[in-house]
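Worksheet for the structure shown next.
Each chain gets a letter, A, B, C and D, in the order it is written, and its residues are counted from 1.
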Amino acid sequence: MVDLKVKLGSLELQNPVMTASGTYGYGEEYEDFVDINRLGGIVVKGTTLHPRQGNDYPRMAETPMGMLNAVGLQNVGVDRFISEIYPRIKKYRTNILVNVSGSTVEEYVETAAKINALDHIPGIELNISCPNVKEGGMAFGTSCPSTIAVTAAVREVYNKHMMVKLSPNVTNIAEIALGVESAGADSVSLINTLLGMAIDVEQRRPVLSTITGGLSGAAVKPVALRMVWQVAQAVKIPVVGMGGISNAEDAIAFMLAGASAVQIGTANFIDPKVTEKVIAGIEDYLVRHNMTSVAELKGALQA
Amino acid sequence: MKYLHDFTLVNSERQTDDFVVLTLQGGAEPLPELQPGQFAEVRVDAPGAYLRRPLSIHDVDYDKQQIKLLVQEVGTGTRALTALALGSTINMLYPLGKGYSLPDSKRVLLVGGGCGVAPLLFLGRYLKKNGITPRFLIGTRTAAGLVRLDAYRELGEVMVTTEDGSAGTKGYVIHHPVMKTETPDFDWIYTCGPEAMMRILAKYANKHGLSCQVSLENHMACGIGACLCCITPTKDGHKCTCTDGPVFDSKYLQW
Amino acid sequence: MVDLKVKLGSLELQNPVMTASGTYGYGEEYEDFVDINRLGGIVVKGTTLHPRQGNDYPRMAETPMGMLNAVGLQNVGVDRFISEIYPRIKKYRTNILVNVSGSTVEEYVETAAKINALDHIPGIELNISCPNVKEGGMAFGTSCPSTIAVTAAVREVYNKHMMVKLSPNVTNIAEIALGVESAGADSVSLINTLLGMAIDVEQRRPVLSTITGGLSGAAVKPVALRMVWQVAQAVKIPVVGMGGISNAEDAIAFMLAGASAVQIGTANFIDPKVTEKVIAGIEDYLVRHNMTSVAELKGALQA
Amino acid sequence: MKYLHDFTLVNSERQTDDFVVLTLQGGAEPLPELQPGQFAEVRVDAPGAYLRRPLSIHDVDYDKQQIKLLVQEVGTGTRALTALALGSTINMLYPLGKGYSLPDSKRVLLVGGGCGVAPLLFLGRYLKKNGITPRFLIGTRTAAGLVRLDAYRELGEVMVTTEDGSAGTKGYVIHHPVMKTETPDFDWIYTCGPEAMMRILAKYANKHGLSCQVSLENHMACGIGACLCCITPTKDGHKCTCTDGPVFDSKYLQW
């Protein structure tokens, strides 16, 4: 028997496979396909202090082995999350992390503080990098001082696991990771979407209502892997890798590059059962390679 | 309950230059109950088709465990599907979305344009089973674009408009005589097709105090309400076309 | 008849389709497939002051709809380019641009000065962004002051068309484009490759000898298009777009986003005749859309 | 002169668990002259196979305008090729690279391992036409991995080693008796296969003063010398495997 357990600071994951925010709803959407209780964790939709309608339609464009989205943080707001959704999903025996977003430092802080009170939410993922929200997200994630400010401010009010999610749209992601580490993050997750664009040439119009949007899916994997490797070499806190992971091999690559755990996003759309397959595939790999614990993979790259 | 099932392509019949009917054979398990207007997210194994493709349930044979899809070739994914060899495996995530609901009147008109005719066959069959005789109004560019008229005729009257007048009434569906009477002889409109067409029908329905159920074809990524990509503005804000729709009461939409 | 001619400052292109440096050799490699004289231009291999052996093998990894390369500027050096290669290729009746690289400002300057003397080379493309050379390229392209320094220094000695090629591995590419414009660039081209990585999980080793490498091909198109759009809105000099262009539709999308011309790289490997097909496809599109000149496409996006 | 031609798959014959021979029919134009050891860059129309795949010319029939490829299924691209239905179109960029050259002795040994046996059939045929009887030494893991031995036997003697001893001599090719005599009864070695095997043969050749031509299988992007991805270190620095090779004199390599 191989040991798939992973520790991310105070978080204990039964296996390293989590689902990525914004791609897995609140978990419920996948109940027909996956036993949610068998996942390492789920990160629910980006949640903000106030409800948000998100961006206009169209919000999606397919690209070569990837997709652009411009959802723009549509969500019911933290209060309705707490009153309506939390009671439904707190039954899951897995780590439910709430992805927290905001336009100002105060919004992040208030939202995090409210979630701090929820017993069955062992952590948050601070989304300081969403490219689809004009006012805040993007600016926060790509400039180091503001990233540090948000992280430090939320740290003041949030005392469970604080994962900070990094934007890939930067020159030096390791530097930003070091910044959030010093500001009190318990872990970093990356990558959020790459800023991209699609054009309908027949109509001579951008496909997305927001002109640009966030690129995800297999296409971004090489960039994500590189960034995870760079960040894992820079920081001491655990790194959660994501970006295009579509199978066990991909997940293992991220762990070899230094990730302690992974998140799977877009691939769920293509195969709603992908998470279970990845868990099984990691187990197979460990057995085949005579490893006893998934922890042995972390950073085991012979570079 | 939604399923992720492998089907086998047992028949692929070209109807027109760009329409093909695929017959998919289910496996060991019986088919779940399907509602007309519901769709499947179909996995396409071709370069350039990364995400699944949403396709309406065109017809169902529960006994044979067969589902039919009516596919219009518009791009990489649909072309790859219609090029598949018999015996190929096709994976479907289904049944998805909310379909058409039964009318509170027996006087219904089913209006289809383009690939929007696809769900109307299954809907017609469903209505008929519920004691309602469907009447179809189908609009295309030319006579050559008319698809499977015989199958629709088995269920009820079929009226046709073509833009070039090569069959039926010349013009768009709204120009058909059945739409021109002062008091329409139908109380419910079921429609699927180009949004422009459906908007006109919705307006028409409003004006005449009819019910109008429209089926939207928004771009989708997940098909199950997880990604929020497929929204449409409604009286209650943004709603997912894939779970709250694809069929909506036109009055509920911000049209 | 539609007019495919494009002017990039002093450069006159018979059509907007050029080939990207490092993917088209010296043009000769494609002679069996394409009439080189029918291209808008070719940008030859990255050329440095001294000959370079480039990186060790393996230098290539396939990725989802893309590839990573770690060629590392293998080239014969500018002197042998001038003595051996230039005499062979100067016959081409198209714009031959030399892609110039270096590890120091002085190297760039010396190389450019030598090329300035070549009658049949109407321009250079300054490669200040190659991610595969440790000492210089990367650092130059991602930090604005050094980018400006190289551009300004080369401008002193080079008096034909100076195109500056930008790295996408930056937070704000428009800012860098503005910098090189102010330093005297006649045009900017983008994007060079995105920094990525691939891992062989069975061997637990990076696939590339250099660990990380440059991502190109269809996968990067959405990011490239977004950057071209951002840069085209920022600068006044012409923009040459590239990154994943595989067909006429892609090329047109880049022009709608603001590019005056395009370069095609990786797609040549998949279809050596792709350039001719793109030229024909652009012509078709213009006819179909009742346009008389390709110049009408530039920035014609209804955003 | 290199060509970009569409071929039609007219035969696809599985040899073993993972080896398939594809017979490709050329079109109107006659085939160009092909050298043994040359290869084609084959376009694969499947998700996950973005670049072309290099495959050796396994056999040629100029009269019928047919080329045979021997494909070992190792990943997405090769598996997609062997799954193709007869009648499918396969686009090839060919002939590429420098092939094997004629020996200055009639005593030759052709040593193949894995998919490296592919070019040796065409090479054997070529040698035979030039009055030289080829002798083959083929190494595999087990007897089940031996491919098309009859075709090779038509041209000359075939010796075999298997790692598990299930056919021929047990061990690697280097353990075969023919390699164990003090003075080998051959002057030229032609080899294609795993690099480890070829390196051992190159060393053996050096030791015995033989000529040794090896065919490298470096990863390629363009196949025509344009990208410089496929280099191998030689006495003259980095050389492209696709244009200066894939066949090299082992002494020229930095082995």
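For the reader, a short list of remarks on this structure follows.
The criterion applied here is as follows: a contact is a pair of C-beta atoms (placed from the backbone, for glycine too) under 8 Å apart; a residue touches a chain by one contact, two chains touch by 3 or more.
Fair warning: this is a prediction, and the values are worked out from it, not measured in the lab.
One inter-chain figure worth recording: chain A and chain C are separated by 34 Å, centre to centre, where each centre is the mean of the chain's CA atoms.
A separation of 46 Å divides the Cα centre of chain B from that of chain C.
With each centre defined as the average position of its C-alpha atoms, the distance from chain A to chain B rounds to 36 Å.
Those residues of chain A in touch with two or more other chains are numbered 61, 63-66, 217-218. Counting only residues that touch two or more partner chains, chain D has 47, 50.
Shown here, the protein chains touch around one cycle, each chain meeting exactly two partners.
Every pair of chains in contact is given here: A-B, A-C, B-D, C-D. Chain contact summary for the complex, chain A toward chain B: residues 22-25, 29-30, 32-33, 45, 53-54, 56-67, 69, 71, 74, 217-218, 266, 268-273. Considering their complex, residues 61, 63-66, 68, 142-143, 169-172, 194-199, 201, 203-206, 211-212, 215, 217-223, 225-226, 229, 244, 249, 252-253, 256-257, 285, 300-303 of chain A touch chain C. Residue ranges of chain D in contact with chain C, taken from their complex: 1-4, 43, 48, 50-52, 93, 218-233, 237-238.
Interface residues of chain B facing chain D in the complex, by the touch rule stated above, are 45-47, 49-50, 85.
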